[in-house]
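In the two complexes below, chain A is the common chain; its partner is chain B in one and chain C in the other.
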Partner chain A sequence: MLVPDWEAYLKAVLSEVQFKYDHNAIYFELKNHLEDRYEGYVEEGMGDEEATCAALACMGDAQTVGRALNKVHLPIIGWIWRILRNILILFIIINILPTLSLLTSGFVSVFESYENQSDSPLVYTIDVGHKEKVYDTTYFIDKILYYEDHTLEVRYATWTNPFSNSIRWNSSLSVVVYDENGEIRISGGGWKSGSFYGRGQENRKQIPLNATKVVISFGLKEKITIDLTEGRVMENES
Partner chain B sequence: MNRKKQIIIFLTLIPLLFFSFLRHGGYYFSPEGVFYACERGLQYGPSDKIVAEYDLSEGGTLVVGKWGGDLSAIPAERAFGFLWRLKSGGVTGFISCEKVVTGYMVGEGRIIGLAAEEQMKEVYCRVEYGEIPSIQEITMPVDEDGYFTGIWGTQKEEEKYEYIAYIEGRSAGGEVLYRDGMDAYGRYFEDGVERNLDSAGERVYQNGKLKNIPFANLKNTGLATAFAKGKI
Partner chain C sequence: MDKGLIGGSTVLMLLSLLQERDYYGYEMIKEIERRSNSIFQFKEGTLYPVLHRMEVQGFLKSYKKKAESGKERKYYHITAKGTTQFAKEKRQWGEFTGSVQKVLGGAGYACT
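== the complex of A and B ==
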């Protein structure tokens, strides 16, 4: 089927629309509309020329249509819409990486599990279940484990609100163990993963079975004391 | 959907996404914003007062705050021309000021510190630097917050062993109210209390490296102080 040339009509319409960035969209929309009408009329049995005239007549006067479209496509609204749309696209792009990071490294620890810090058999465990909020980070002290090789282990998790007003640091904690003679000065190790949600383990070697308490420090000033003589669940009893 | 409705949706989404970008990127509108956010992240503060801000040679600003009797120093740098973020390359953060006069070197030859006693109006500092220490002296006025600062010299890579060997708090009349470290006469003070020179000297000899050098010959070279403080 021979498709008529609508260019003259469409140019006349577009000449009335001030917002140039919309010309392309208006052009194709009107053109498709005209072609649909034209094809409809041809299918109804009209000749090419008659169908063309009918389609154009159906659309109306080019100047009138153009002025109506110009009211809808106001340049000021068009510019605001266009600028905001581009800003939105820009922000979506620059948020992609942080969002991916948030979903992966930020919460990677959710799928992790604790691993025993010693190959030695367990002697006792203490379910601590203590929650401590320090600034924007909440610490969950989960459990204390004591092994036959005198390793004492503290298991904990941290949660930091991703939208909190603080620059993110990997917040670990410090563990000091005491017996009846005072602080047991011994080195240890530990790890902590994740940034928003993280799990961590701290271990201290050569801790005697009669150690009395653990002092856990968060940040610079907050600390809690956990009594090691209470709440022990002995492994050989369970 | 017409454009006006879309504009309303855009105007709702853009601030949310911008906020998300600021939070996840660690961007703030001022160096002070970076400073307080970093303090929260490091789990101390907020500082009661920002006592000073200094331009850094490689761009950016060092913000110094006072939190109770301690100091906080955090560097910030510009981002995208109008935002600020934490400067890369290390953060001093919390500076414990447990002594009556505490001086701390924050890089670029700058010393910052706090004097805890009101009658102290100036602080004298002797800085030693280099492998075989050279000496640089500096006297700094103390402001109403007890804060003092000064540039002792230009920091060079080969002078990375710089440290404050001796610090002195003085009254308005120049009377020495407090001493810490080894003074020009070889007397060693620890947080205001004079220690027996011999004991300090013996530690030098016990170290073994400089057994044949009389302790008196080490005075004012910086090595004696370093040995006495256990830094070498």
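== the complex of A and C ==
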């Protein structure tokens, strides 16, 4: 119900309240009150106009009510509250978004699969299953694969404690292959995904079939040696 | 009744009502009128600044709910802090009226 007299009254009340954000709530609360009063009077047998005026008279002076409301709805408190809340929201967003994107990129990589580093057929694979923890990062050397085109591939995964505050240096492995004569100096490449959980592959080209061992270095000094002469699972026994 | 007297006890009466159940503004006024046989009649608009202040002070919490009539009302609910405040004001009110009674009684006694 909208009675012009009430509208003028409510506007007069609100004109005293400086904090505009509370206007809506006050407007509806007072309007409901006027309507209730009005309906009460009509039930008691008053005419429309009489009831409208009586309801208004019951409310009291608009300026008095408005000023009293203004004292409670202090703009300064309202603004401080609003600003603090917005700062908090902004703070949360700023902090959560990068974490979320890191986490998702970390987790998505879990479902990525390795791709063979060479198109040629496999000669042998060695299941390594070696775990090495270096500071806050755990390396898991999964498998070594050897292809007919003399590519040697190392598949591994890493996970880093997400709560550690260390610098997340991009830690791909250093892989060096040896044969009877010592280190084989050849080219290769690799990649690693994810920040918290990631997978990686390293490949080395032109490795002879009779290569004897692989030395994998983590960080500065931790190394493991994997014997290439043991545990070979030949792909093609013929 | 004198406005000043009502003014001092409005908060106490409102807290007392809200101890029983949640009310919206108009309901509170009707209920106070009914219980006091319409002795307490104040300008109804002034109820809301009082309610809003009590809410700011943490004695009340408000929420919107549809009443039986289907209209959406702003209901007030007393908080734990409000209940504590009620006990405190009730005690003070008891001390106050008791003292007034004593003075009246004493005056009556002295005059006779």
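General observations
By definition in this document, the second predicted complex is superposed on the first by the 145 of 238 C-alpha atoms of A that agree within 3 Å, B and C clash if a C-alpha of one lies under 4 Å from a C-alpha of the other, contacts with A are read in each partner's own complex, and residues count from 1 in each chain.
Rule of thumb we're sticking to: a contact is a pair of C-beta atoms (placed from the backbone, for glycine too) under 8 Å apart; a residue touches a chain by one contact, two chains touch by 3 or more.
Worth saying up front: this structure is predicted, and the values here are computed from it rather than measured.
In the superposition on chain A, contact is made by A:81 with chain B only, not with chain C.
Touched residues of chain A were counted for both chain B and chain C, and B has more of them.
In the superposition on chain A, contact is made by A:28 with chain C only, not with chain B.
In the superposed pair of complexes, A:92 makes contact with chain B only, with no contact to chain C. In the superposition on chain A, A:135 makes contact with chain B only, not with chain C. Within the superposed three-chain model, A:37 lies in touch with chain C and out of touch with chain B [touch as defined at top]. Using the contact criterion defined above for the overlaid structures, shared-chain residue A:162 touches chain B, although it does not reach chain C.
Legend: residue contacts after superposition of the two complexes on their common chain; A:221 is shown touching chain B, with no touch to chain C. Across the superposed pair, chain B and chain C both touch chain A at residues 77.
Contacts from chain A toward chain B in the complex involve residues 77-78, 80-81, 84-85, 87-88, 91-92, 94-95, 98-99, 101-102, 134-137, 162-169, 171, 218-222. Remark: chain B residues 3-4, 6-7, 10-11, 13-14, 17-21, 23-26, 34, 36-38, 40-44, 86, 94 touch chain A in the complex. Chain C meets chain A in the complex at residues 24-26, 30, 42-46, 48-49, 52-53, 56, 71-74.
By the touch rule above, chain A contacts chain C in their complex via residues 13, 25-26, 28-30, 32-33, 35-37, 40, 58-62, 64-65, 68-69, 71-73, 77.
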